[in-house]
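What follows are several structures.
In what follows, subunit A forms one complex with subunit B and a second complex with subunit C.
And now, the complex of A and B:
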């Protein structure tokens, strides 16, 4: 189950990199967060860690439902361009993404050698971090860059869940709070853009 | 204590939602309150537990907290006359204070934190709140730079969290959930089972922090942001936000020093020399005050990191204090030097009359000379002690000749910066057309506050206190 969910996490992120429509991108981000939430809940049940189950449910509510909903509302309210053409053509991305994955596995080898369990999963979470950075880099529009930032946060949450069997609860709640604050700031930035246009 | 530290920020936050006309004069006064808990914290016996093992004040955090409070008060004093130099709506002014309050909460958490996670949460809160502060300026450049900052800041902060997770992973088998505590990490640093994993985590965290401070290869983004912001916001960036970042570097590098001091030194040494090399030429090419001061700030932060990694704690902290007071003072003076946002270096130090004008002229000239380490500037002493620490570390590792070569190279880069500042100073004083300039009381008061703080840094008592911080 864990392997399936991690595979799903990576697959949704890779698909997001090829997406050219904003709402689809938000949907892939939501599915990416959903697989992350289910993964945290599954691992939490498996190792009997209640705080991980709670943060899994938080992820589900916040990242898989609330943030995608708010992002869609922002895009409607501020009439963001729904066509989001990546700077890197798809045929290059098809070569670049697997190369990045292989490179990350090679790069993470010294780290994964030191971990007793979930070594490959750690490599996957590091590669998702690079893929999220790619998502930020390959778009000119601001909305995909925001989703890239949120995906980086997802990748780090995955790394925290897999490599450390969960960070302390207080820290995870603080990270959720910061994420909410980021959304408020993004909303304000768009709002001010609109005020200036008027 | 935690309530005392955060209460002024909460009052500010609530008042910022009040009527703009009424709160306009109350808000700067509220910001004065942040100094009292900082002074109280400074005189309490250390280490002082503020909230269990999560928030613990030691001499280092009390010093950084006090310095940051003084700088923040200076900035809010100058903020009150911002509307007289540039166009700013009352609503935007209230929003500045709203986000300043959030910024202060985040900053306080990161400075007094004894926990890597809480440090990160505080830093992220402070970073996100400053994004909006850039947008208090409604110019196209400021709007663009606010988004840029959001993205670059997000990448930097993500790298810091990535490194923290790896450090936590490397210590968790030894310490369990305690592996988040700086003090626990310090105690067990020598028993770590996977130092390589820690070092990878440390280098990624440090990379994130260095990006946030505008180090190589991200040298220009900070200068662009500070150029685009209003000058009090740029002062806040330079004097306060960077303090929160550098205290993180101090804490992480203390652990790295116990794990492998040579690796730490080589990593920081190469990184900072590269940064100073690039920044010195960027300074040579810069054509306006803001970029000049901003890039010089990057150079000073690089020197602080270098001195600290060389074991020159006293030199690093003295340089840090001097930078924290001098740089915001210079940023605030740009409000007057750049008449109505138009920067003309020639003649910028001419045309000041009356007591306020003369005091402003005298202090700005003094700050300009102090920033390039002309004695008796605290920077002169900190650089002397810092280079001394570098020679000491080279002696221990039998690399004395190499280190002397590196110091000579550093002096060449610093002399380029010295030359540029001297040239600008002469152009400001002796060239251009003399124009009548208006200086307001609050601005002079802010500069006087910074001047007294700098003088306080030079007292034997301050030297003794800084030496006691290990």
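And now, the complex of A and C:
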């Protein structure tokens, strides 16, 4: 089950890299967070860690439902352009993404040798970190860059969940609070862009 | 052995039904009056009774090609994974053979399009070549990675192995292969994001453009070839990516298999209603996603074992 959800996590992230529409991208981000939340809940039930289950539910509410909804509303309000053409053409991405994945899989090998359990998944979460960086790099518009930033946060959460069997509850809550602050800042950024446009 | 032959005959007989089912479901979802589910058979029998008219510019190819489009696909039906665990199956046929047979059929379809020297035929053939060139690498990689997960390179044996020992520890790479194969299923059968099978508009035609000059019996052959092709892909998807229910009693196992086929047809119909057709030069992007996922499935399996 863990493997299934991790597969979905990476799959939604890769599909987001090829997306050319803003709302579709927000949908993929939401599905990405959904698989992450389900993953945290499953692992939490598996190892009997209540705080991980709680942070999984927070992820579900906040990242899979609330943040995509807010992003969509903000982008509607500021009428951002819904076409987001990536800077890197798709035929380069087709070569770049597998190369990046192979690179990160081998990059993560020293780390995975140190861990005893879930070593494979650490490599996947590091590669998803790089893929979300690519998502930030390949777009000019502000909205996809923000989605890339949020995806980086998702991959870090995945890394924390998988590698350490759950960070302390306080840190998780702190991260969620940071994320909400980030959304407020994003709102301001959008406003700025709107003024620049005018 | 009897079950093996009977299953192949059943697949041939069911294939027009599945395509009509997709069409019916689509019309129902679009609030049109749906066609009968048996429309495929009616069309076939109507085409059989019509006379064959062939342009006088054509060569011998037009007379041969319809048979050669159909026969590799019929041959592929023999190599598919078994439906029930007691059934006879061919174990040694690997991804290359199946992909090769399917592209042999596509090759003759393209020749057929070129042969009558109409402008539409050439246009359709070039588009088909363009799409199938991108489909092939992804398909070989996907089938290979699934058969590696099943510990056997033969596709038939792989389907059986998957149902017996499902690789739960390789679930991540299994999902990537599944996504890739579903995109291929849609692309290779000319369903909506790639090609619209229902219009005769020159901008959108791929498959229809090649067979525009045909009539009568030859058209019936080509139409049944395209429905059998969908059946092959759907049954590969059903036995490789939904591998359950093989150990049930024979009749139930066949019933489960048919349900799986109709479930896949349902998914395709839902996808067709919900997406717009892609511009032709955006099609490589979609197939690029398929290639990325198939490659990813292979390297995730090899490097990480996940």
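What we mean here is this: the second predicted complex is superposed on the first by the 191 of 198 C-alpha atoms of A that agree within 3 Å, B and C clash if a C-alpha of one lies under 4 Å from a C-alpha of the other, contacts with A are read in each partner's own complex, and residues count from 1 in each chain.
Just so we're on the same page, a contact is a pair of C-beta atoms (placed from the backbone, for glycine too) under 8 Å apart; a residue touches a chain by one contact, two chains touch by 3 or more.
Keep in mind that this is a model prediction, so the values were computed, not measured.
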{"item": "When subunit B and subunit C are modelled together on subunit A, clash or fit", "value": "fit"}
{"item": "Touching partner for A:40 - first (subunit B), second (subunit C), both, neither", "value": "neither"}
{"item": "Contact breadth on subunit A, by residue count: subunit C or subunit B", "value": "B"}
{"item": "Which superposed partner A:143 touches (first subunit B, second subunit C, both, neither)", "value": "neither"}
{"item": "Touching partner for A:193 - first (subunit B), second (subunit C), both, neither", "value": "first"}
{"item": "First, second, both or neither for A:8, with subunit B first and subunit C second", "value": "second"}
{"item": "Closest Cα approach, subunit C to subunit B, once both complexes are overlaid on chain A (Å)", "value": "19"}
{"item": "Complex interface listing, subunit A residues touching subunit C", "value": "1, 3-4, 6-8, 10-11, 14-15, 18, 90-91, 93-94, 97-98, 101-102, 105-106, 120-121, 123-124"}
{"item": "Complex contacts: residues of subunit A adjacent to subunit B", "value": "110-111, 114-115, 129, 133, 136, 142, 145, 149, 152-153, 156, 159-160, 163-164, 167-168, 170-171, 174-175, 177-178, 181-182, 185-186, 188-189, 192-193, 196"}
{"item": "Contact footprint of subunit A on subunit B as seen in their complex", "value": "54, 102, 115, 117-118, 120-121, 124-125, 128-129, 131-132, 135, 138, 143, 146-147, 150-151, 154-155, 158, 161-162, 165-166, 168-170, 172, 177, 180, 194, 196-197, 200"}
{"item": "In the complex with subunit A, residue positions of subunit C that touch it", "value": "168-176, 179, 284-285, 288-289, 291-293, 295-296, 299-300, 303-306"}
